[in-house]
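First, the structure itself, so that you have it in front of you.
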C-alpha cells in the first residue's frame, strides 16, 4: 500500500474552504465574498454599471487559476468548485449576480462535461432573474482532441481570460466581449507533460501511477491521462515535441508575433521552467516568430503535480492591445 | 538504489546557464547581462548616477530569489552562483561595476560561510577599483541559531531586500541604505518546514532522506537539516509551532503591524500555502497584530523541495513606507 | 408493505454509507480514466443528500427534491447535475405522496435513467453511468426481478470496459480508455443495487 | 627526481579524475550535514583547475595561480575561496621555478593548510576541512613519511565524526552534526593523499 502523500493541510474535505479563508485574509484589497455566497469570489474593483461581467470558474486545485485572475481589468468574479470539480450552479449564479452591471454576463471556463452542465444550469437560473448570460468555453489543449470544439481548456485560460477581461474593462458590449473571447480562444494553443501524478487532499494518494523514468505527454490539468506515455526525455527534446505540435496547429507566418506561457503544473520549480523557455525562445526564433510577452511560473496548476505546459497565443493587433491592457489581480498583475 | 528524480532539464551542469538564457529571453525589458559577465544580471531600469547600487546574490536554486528581485525600486543587480553555491567573486564584481552610480555599492545576501568568503573577496577587488562596497547579511531564519548574527538568511530576504532597495531608489546615501538594511533585517523573522528533500540537477538524487510521515522543522533553504524532525502534523499545528516561535522572537506589542510572507519551498502549491495563511491570519489577529500586506507563493525556494516557511516583518513607519514603495522586477511587482 | 418517506430516508442513509465505504475504490477507478475524484463526489453528494433528506419533511417528492438540491450543492462536478436531475425526475414519479407501492421503484429507476440521459446528453455505449442506468431501467420496466435489475446494472458497468469513451472527461483518452471501467457506471450499479434492495422489500 | 611543472599538471589531472569519481559519495556526505553539493563543487573546481593548469605556461607558481583562478571561478561556494587561497599560497612556496625538490611538497601542504585557515578563519576542531589539512601539515613539517601524512589527514577527517560543527553551513546543526563526517575534511584527505603520492615520487 502506498503511504499518504505529504501535504500541509488539515482536513482534506475542508481544504477548499480553508484555502478561501486564507485568500480572503491575504487579499482583502482585491477580493471579497458576497454575504451568503461562500463559494463566490468577487473583485473589489472592476465590476461597475454598464460593464459586461466576466465570470470565470471551475474546480479548485488549479490556483492561481481561477480566483487569482479576478480583479480590475480581468475577471469580475469566480465561482469556486471542490477540488477538480466544477462548482454547482449556485456559486456561479452568486458570482454573476454580485458582479453584473446590467450589461450581461459572460461565463468563461474550461471545456469539461461537468462545468458545462453546471454553468448551463446557472445560465438558466440567471435567465429567470432577467440577467443575460452567454458562455465561451476555452479549448486550448491541442493534445486532448483533434476536434477543436471537443478540446479541454488548460493553461491558455490565462491569455484567453485576459483578452476577454480587457475587452469588458474597455466597456465593450456583450456581443463584442463574446466575439473577442472566442477569437482569443481560437488563437491559443497549449500542450503539457506530467512528470508525476497529483494527489487529492481527500485521498492523499497519487491519482494515477507514473513510474520514475517516464512522463505523460499531453497530460490534462486534472491528471487525466494524455495522448501517450514515454520515457522522460531531456528538456530540449520535450520542448521540441511540444513546439512542433503547437507550431503546426497554429500555422503562423514568419514575422507574426506570439505571447508565451511556460507554466508549472505545480511542483516544477522556476529553474526548470526557464530552462524550457530557453528552448522555446530558440524555436520561436527559428520559426521567425516574434515574442511579444513571456509569462513563466505556476499559472494553471494541477495540485502538486510535477510537469509543465507551454502555451502560445497567436497575436494580432487586437489581441496585442488586449494582452497589454493593464490588470490588477491578487495573483496576477500587468501594466 | 534510488532512481533519479524527475526533472525537466538537459545537462545538470548546464542548468544554471540555460536557466539564465531562458530568463533573459523572457524578461528582456527588465534584465540584461553585461558583456563578458555571464553570471551577472543587471536591471535595465534602476541603476543611475548618484544612486547606491544594491547588489544581491547567492547560489541558484532559490528562484525567484535572487534574480527575480532585480529591477527598478528593488535590487540593481544580482551575482549568480551555481546551484546552492555562492557565486565566486567575479560575478559580484561584474554586477557591482555594471550597477554602480558613484554612490557606493551595498552587497546583501544570506549569511552563509561561502557567500561571506566570496563576497568579501569581491569587496576587496572593488576597493582596488576605487568603488566603496559595504555588506549587510540577512539572518532571518530564527530556527538556525540562538545568536541572531549566526543565523541563516532565508525567505525574509524578500522584505529585507525590498526595504533596502526602496531606500536606494529614494536616492538615500550609502550610510542610510546600510542602516535601513540592518534595521529591516533585525525586524524580520522566518521559520520553515520541509516535507520532502530537494534534489540537485547534477545528482538527481534526494539530498537527504525524509521518510513519508515525517517533516523537518526549521529546515534551511538548501536542504540543511533543521532543528528537529517530527511526525508530519496538520497544517494548523505546523503554523502554530512556527507562529509561537516567530511571535516570541519578535516581541511585538498589540496594535503593531506586520508584513507576512507565506512561502513555498518549491513543490508546495498555492492551495496549501493559503490554508497555512488562514491560520497565520487567525494567530496574528489573536495576538492583536495588524496585517499590512501578505505575500503568498514561491518567493524563496529550494529547488523541488516540498515545504513552506512563514516570515513576519515587524513594521514601523519607516519600514512600512519602504515596503509600500513601488518596484518593478521580472518576478515581483508592487505599487 | 409500501415504500414510505422513512424508507426513502433509510435508502439515502444507506447510499451515503455505501459511497463513503467505496470512496477510495471509486477514486482509483477514476484515476485511471479521469481525474481521480469520483468517489469523493459520490460520497460528498450522498452524504449531503442524506443530511438534506433526513432534515426534510413532506412527501416522497419533497424528500427527493431535497436530496437533489443537497447533492448538487455539495458536489457540482459531472455527478452533481446528473444525480440532481435524476432525483428530481424520481421525485416527479413519486409525486406528493407520503408512500407509494414498492413496485413504483421500477418507475423511479427509469426516471433516474431519463434524468441522467437528459442532463448528460449521452447515449448508451458512450462509456458513462448511463451504461448502468439504461439496462437497469429497461430491466425494471420489463418486470425483471430485483436481482436481475441489479445484475443488468452490474453487467452494464462491466461492459464499459470494452467501450471507448465518447463523452465526458475520459472522452479524450480515445483507445486508452479501453480496458478500464467507467467509474460513474460502477457507482451507478451500486446505487441501483440499493434501490433494488428496497424494491425487494429489504430496506 | 624533482617535481616539475609536468608533475604538477599530472597532479591536477589526477585530482580532477579523483573528485569526479568521488562526486556522488561526497554529495551524500554533504547531504547529511550540509546542502548536498560538496562533491559537485570539488569536481567542478578540480576539473576547471586542471583545464586551467593544462592550458597554462610558466613556472610552478604560474600553474598554481592558474589552478586557483580556475577553481575559484568555476565554483564559488565555500570550497572555491578555500582552495583558491590554498593554491595561491602553494604557488608562493613553489615560486617562479620550473621545478622544485619533491620534499618541498611538505611546505606546499603546510602552505595550503595556512591558506585554508586564513581564508576560512576556522580553527582545528571546528569540523571543517582544516581538520584534515592541519594534522597533515603538522606531519609533513615534522618529517613524517608520505603514508603517515596521508594517514594523519585521514584520521583527522575521521575524527570530525566526533566533533560538533562550529563554523560553516553545518554549524547550525549543533549536536545533530555529531556522528557525521565533514565532507570537506574527507575530500581534503583525498587531495592530500594524491599530493603524498607525488611526494613519494609516484606521480
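Think of it as A, B, C and D in the order they're written, each chain with its own count starting at 1.
To be clear about the criterion, contacts are C-beta pairs under 8 Å (C-beta built on N, C-alpha and C of every residue); 3 or more make two chains touch, one makes a residue touch a chain.
Because the structure is a prediction, the values reported are computed rather than measured.
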> From the centre of chain B, which chain's CA centre is farthest?
Replying inline: C
>> Distance between chain A and chain B based on Cα centroids, please, to the nearest Å.
In response: 28
> Taking each chain's centre as its mean C-alpha position, how far apart are chain A and chain C in Å?
Replying inline: 31
> What whole-number Å value describes the gap between the mean CA coordinates of chain A and chain D?
Replying inline: 53
> Quick one: do these chains touch in a line, a ring, a star, all-to-all (complete), or other?
Replying inline: line
>> Can you work out from the touch definition every pair of chains that touches here?
In response: A-B, A-C, B-D
> Hey, which residues of chain B end up touching chain A in the complex?
Replying inline: 3-11, 15-16, 18-23, 25-27, 60-61, 63-64, 68, 193, 195-196, 201, 212-213, 215, 232, 234-236, 238, 260, 262, 266-281, 291, 294-298, 301, 303-304, 306-308, 331, 333
> What part of chain D is in contact with chain B in the complex they form?
Replying inline: 23-24, 27-28, 30-37, 39-41, 44, 72-82, 119-120, 167-173, 176
>> Considering only the defined contacts, which chain A positions touch chain C in the complex?
In response: 13, 59, 81-90, 112-114, 117-118, 121, 144-145, 150-152, 197-198, 200, 202-203, 205-208, 220, 222-225
